[in-house]
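Below: one structure, written as structure tokens.
Should a chain be cited, it is by its letter among A, B, C, D, E, F, G, H, I and J, assigned in written order, with residues numbered from 1 in that chain.
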Amino acid sequence: MTALTREDVTGMILSAKRQAGLTWEGIAETVGMSPVWTHSAAMGMNAMPEEKARAMTEVLGLPQEAALILQESPTKIWEQAVPTDPCIYRLYEIVGVYGPTIKALIHEKFGDGIMSAIDFDMSVTRVENPKGDRVKIEMSGKYLAYNAW
Amino acid sequence: MTALTREDVTGMILSAKRQAGLTWEGIAETVGMSPVWTHSAAMGMNAMPEEKARAMTEVLGLPQEAALILQESPTKIWEQAVPTDPCIYRLYEIVGVYGPTIKALIHEKFGDGIMSAIDFDMSVTRVENPKGDRVKIEMSGKYLAYNAW
Amino acid sequence: MTALTREDVTGMILSAKRQAGLTWEGIAETVGMSPVWTHSAAMGMNAMPEEKARAMTEVLGLPQEAALILQESPTKIWEQAVPTDPCIYRLYEIVGVYGPTIKALIHEKFGDGIMSAIDFDMSVTRVENPKGDRVKIEMSGKYLAYNAW
Amino acid sequence: MTALTREDVTGMILSAKRQAGLTWEGIAETVGMSPVWTHSAAMGMNAMPEEKARAMTEVLGLPQEAALILQESPTKIWEQAVPTDPCIYRLYEIVGVYGPTIKALIHEKFGDGIMSAIDFDMSVTRVENPKGDRVKIEMSGKYLAYNAW
Amino acid sequence: MTALTREDVTGMILSAKRQAGLTWEGIAETVGMSPVWTHSAAMGMNAMPEEKARAMTEVLGLPQEAALILQESPTKIWEQAVPTDPCIYRLYEIVGVYGPTIKALIHEKFGDGIMSAIDFDMSVTRVENPKGDRVKIEMSGKYLAYNAW
Amino acid sequence: MTALTREDVTGMILSAKRQAGLTWEGIAETVGMSPVWTHSAAMGMNAMPEEKARAMTEVLGLPQEAALILQESPTKIWEQAVPTDPCIYRLYEIVGVYGPTIKALIHEKFGDGIMSAIDFDMSVTRVENPKGDRVKIEMSGKYLAYNAW
Amino acid sequence: MTALTREDVTGMILSAKRQAGLTWEGIAETVGMSPVWTHSAAMGMNAMPEEKARAMTEVLGLPQEAALILQESPTKIWEQAVPTDPCIYRLYEIVGVYGPTIKALIHEKFGDGIMSAIDFDMSVTRVENPKGDRVKIEMSGKYLAYNAW
Amino acid sequence: MTALTREDVTGMILSAKRQAGLTWEGIAETVGMSPVWTHSAAMGMNAMPEEKARAMTEVLGLPQEAALILQESPTKIWEQAVPTDPCIYRLYEIVGVYGPTIKALIHEKFGDGIMSAIDFDMSVTRVENPKGDRVKIEMSGKYLAYNAW
Amino acid sequence: MTALTREDVTGMILSAKRQAGLTWEGIAETVGMSPVWTHSAAMGMNAMPEEKARAMTEVLGLPQEAALILQESPTKIWEQAVPTDPCIYRLYEIVGVYGPTIKALIHEKFGDGIMSAIDFDMSVTRVENPKGDRVKIEMSGKYLAYNAW
Amino acid sequence: MTALTREDVTGMILSAKRQAGLTWEGIAETVGMSPVWTHSAAMGMNAMPEEKARAMTEVLGLPQEAALILQESPTKIWEQAVPTDPCIYRLYEIVGVYGPTIKALIHEKFGDGIMSAIDFDMSVTRVENPKGDRVKIEMSGKYLAYNAW
């Protein structure tokens, strides 16, 4: 008998979600985490605490072994090369790890289309925090729907 | 006599800024635009309207030809390869075009360091807008300062 | 039981089309869309509205699950790297997404051969439109048939 | 004394055009050719017949040697890799050779922006021609202007 | 039941040829075409007219579906990248499409070895032709046999 | 004083040829070698025997040092990657070393255009030779002239 | 019956370890080697002496053939390209061979997170040794835990 | 007058060090920092606090502008590509940023040679620390001197 | 029934050799060829004469079809890219074709380790030979054994 | 005044050697080292002991600073990528570092041509040595002269 792989678990989650007619927002609410983090953990880009992994597998009817695999630290691999500069690498890490999540949530919230980077604006601000100040980046782009003809 | 290139203009801006002890926030206020857009236009990643180009060259003491070049539509080239999927390409376009801007503003606002993508969270929301709804992405990461020893 | 993938659906469409002796023009007419869009959606490069997906699966005798998959927003991946400049990226997006479609329609309309880029001309024009003016690009190249000897 | 290179001639054309306040449409009319072909020949992507090369250098006040170089068959090199399939290679040849031309004409006709490939449609048709039938490709995409903030 | 692919047909041809002890020259004679074209079509690098595809499948005892696939226009893909210049691309297209054919015919005609490009000469000539003059390229290289020790 | 490089010599040859209105066929006849070999040696892709190097520099009025450099064994570098298989590598070596030569001779003999690889045929034959049999490859492709519009 | 491969053995080790609830430190103690070397040998990046291979397979309940394979000299392949300089290549060899080992031990000792290269210091010292002096490199980086939200 | 670049400053440091017969250990002692950090900052891979930058430029006799540039946050670029996984990326960041430093210090401490990765061992340990526990990595490799013959 | 591939034959040879406890030197002696050539032919990097192929398959107990495949001219493919210069390409061809053979023989003759390129020397000499003089290259490097700790 | 670089020194050596009509064998004899090592050190691929560096600069009439640079440990960079496996990497290190040396010595000893890897043989043997046994690799390939026509 062969062991489950992380790819198997991802496939099971996608298939169970489609058959049950669930949304990422709904699953996230059940698990008690944000939709962004929940989707990325389901895609194998983040490790889940034990309690969250159990909630995820219960709501989707997955086997127990899946909950174990969802708790392991994944090796995060994505297609695009990343730059060497440590400050800019983090930006590419973010779009590499969370890019498919942003795409999935745009399709869930808007339909078949994209966020424009032409009709677009962005800000970078410093937010004070007793545990260490934080960088806040806010982006806003117009949703554009694909044309069918 | 050889004509000015866009690289020349970028170099002139960086040199004049250093000598005058200006900040990107200060230049942006003078020009009347946001710091993010102002820095990216100064780096040759956005075209400036005529009035803004003139304000920029005046505050930094650049020649008139520089204002003309700042108004031309640049060919936007950066080092990292971009993925093919149109929805995900926009995310790479954003970090390709604005990555050096985010880096410059972090250094200006915090010092020599980076935004963490480990102590990090993000949200994706839909914002209603009469001209077409917009995708809003908010990121927050802890600032981490480089160690010297 | 394993779920259908988009690759499975594309394979089913090609196989059913070959066995039924259909053409892309014919399928497009049945579906009520253009041949270019119909072929690209069949290849997994565009998402189909529900009604169109059902028409496609009915005319080709595919299972119900195929109609669900044809409605999902695909991740558009093709072999060739794309340039960074946003204006020129769109041209590569077009030949990346629709290149196999153009090739299939040339073979369907002309036979085994190519469109020449040597005996070739092109124009770019501005077309007024109340919803926003449009760029129109027209290309014309001589058909050249492969030699067999 | 060093000989002129093709890059020198391209630089001279761009500089003279900027100083004289000319447009590609205007230069093309003077030369008696289309704007697309005229721009691509000026960029070193097509060879000019003797008469056209002379008209181009006269209107822009370039030296005689420039007219000789404009008549030579260029080695056409561009940044993006091209695919191997001969039918699809031609599409990449077209966007490689004429991509900067399309970009320049969009900026000249519309301003700082792009042609959308999302709000977009395309057709492929066969045009009868006594010298050999031709493939006609027509594309239409909405113009989108860059946002400044 | 899964449909035959082109790779399956190529494998069937190679296997049937080995078992029947046939040569490419012999198969070509039966099909009534040249050995170069016959081998390249068998390898999936050229489409066969219906009659030729039937002759090929008959002499090798292949199923009917194979004859249909041999008539389809292949997407020609090979490992090596190709240059952008249209004139030089054709030379790489030739060695990409016909390279394995030249290798197979050298082994069939000479044995285990190569054509030297050191003890080598070549000519390029213009051949008049009422349908359009032709470029003729002739190469001659010494055969070198591999050493075994 | 800096020494001449091979690139300098190639530039000198091209410049002197243009100014003197010479052709590669004419230079080859003077040197007493074939046009293909003469062009490739002038481009730095083959070493010239002493007598030939002197004839070349005399007819073009180049300095003595150029004749010395033309006799040195060049390191042959070209842009395209080459495959590993020794038999197929030789074909890529030929188009890498002689590709620019074939292009130059097509332009000299026909004008601004290419050799078609679509309206094309090829043969591979064994030629007996007392010093070792030779592989003969003959290619024939229709000349196609670029369109200007 | 197909023979075991090294990948099979690696998979068996990971699966048996997960089911038995073992740690790398525990396995290393049983085998009598260091955790770093033990993990890398288990991953197929080092060959094991016969006695160690037997201890490893016994503690995990693997078949005898696995012990034979663990003794063979592996071909060490990893994803990242390595630089040519011999002195710097060794550093990349170390992170290529032992990178996954360091990652696994960080997760085992700390949890889901990373070693910072920002809050980081390092020293290089010479250590005398009668068999030949040694280079000692010491690195220290703060552990950072992933955020979940 | 053109402004100094960071590359200029690096070149000045190397040249002044060679002429003054200084060592990295000696410079580091003067600056009051470790040799590893001092060399990496001199190579443009770390930003220096103002006081350290002044000490560095004084001991080497560099112009004042150099001290300003040494204080700027560098964009850290090196030749080798880096992997995507955040935990393993840090290891490549370390050898990318500090690789040339380790090489320089090995040559300074030992002579012309390398650290072996064959006669080599390594450990990974957890070090408690009130500001957050730290990962400690220790490597030891035999020094091997190049042979000259 | 699917035909044997060359990869199958290589796998069979390795498996049979392991089970029979044979060495490459022993197999080579049986076949009557050198260990280097024998290993490279077994790996599919050289074609075997009929008699040698039969001896190989007999000593290892392989099926008859394997002997046929061992006689075919292989397409030699290896991972590393090769340079274009014909003289230097041959050196890369040698390490590409025979690199795994040298590695296997070092492990067979010495154990788990490498040949040093630091404690290393080499000579190049001309050897007279009536069939054409030969280049002789001799390399000598110290064997270094891997450390286990 | 700008400092000499290693590239400058290599260029000076090549130029002085050409003008003085020296050979690598002759220079090596003067320096008292082997031709292989002498050429590689002159090309910047090995560091010279002080005495050898002085002998080299004296025989060629180079400035004193050149002798200092010849003693520094070079960063060895060459064009071709290298494989990861440590045992096979050494073989690529050898052809990367000494490839241009082998080429130069073949041209010096034989003329314009190459060493064949087709008419070729090789052996790998173990040589006992009290300081540690050594791997000996011997290669022999027929010299092939380029054809000129």
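The definition used in the following text is that a residue touches a chain if its C-beta (ideal position, glycine included) is under 8 Å from a C-beta of that chain, and two chains touch if they have at least 3 such contacts.
Here the structure is a predicted model, which is why all the values come from computation and not from measurement.
Taken together, subunit B and subunit H share the touching chains A, G. Listing every chain that touches subunit D and subunit J alike gives E, F.
Subunit G and subunit H touch with mostly matching residues; of the residue numbers seen at this interface, over half occur in both copies. Averaging Cα coordinates per chain places subunit A and subunit J 54 Å apart. A straight line joining the Cα centres of subunit H and subunit J is 30 Å long.
As a whole-number value, the distance joining the C-alpha centres of subunit B and subunit C reads 37 Å.
The set of subunit H residues touching two or more other chains comprises 34, 36-37, 73, 75, 80-83, 85-88, 93, 100, 103, 113-114, 116-121, 144, 146, 149. The touch graph of these protein chains has some other shape, matching none of line, ring, star or complete. The list of touching chain pairs reads A-B, A-C, A-D, A-G, A-H, B-C, B-D, B-G, B-H, C-D, C-E, C-F, D-E, D-F, E-F, E-I, E-J, F-I, F-J, G-H, G-I, G-J, H-I, H-J, I-J.
Of all residues in subunit B, only 3, 33-34, 36-37, 41, 46-49, 52, 68, 73, 75, 86 touch subunit D in the complex they form.
Put simply, subunit H touches subunit A in their complex at residues 73, 75-78, 80-89, 93, 96. Residue ranges on subunit D touching subunit B, taken from their complex, read 11, 15, 18, 100, 103, 107, 112, 117-118, 146, 148-149. Note for the complex: subunit F touches subunit E at residues 34-37, 79-83, 85-88, 90-95, 97-103, 105-106, 109-110, 113-117, 119-127, 129, 131-144.
Touching subunit E in their complex are the following residues of subunit J: 113-114, 116, 118-121, 144-147, 149.
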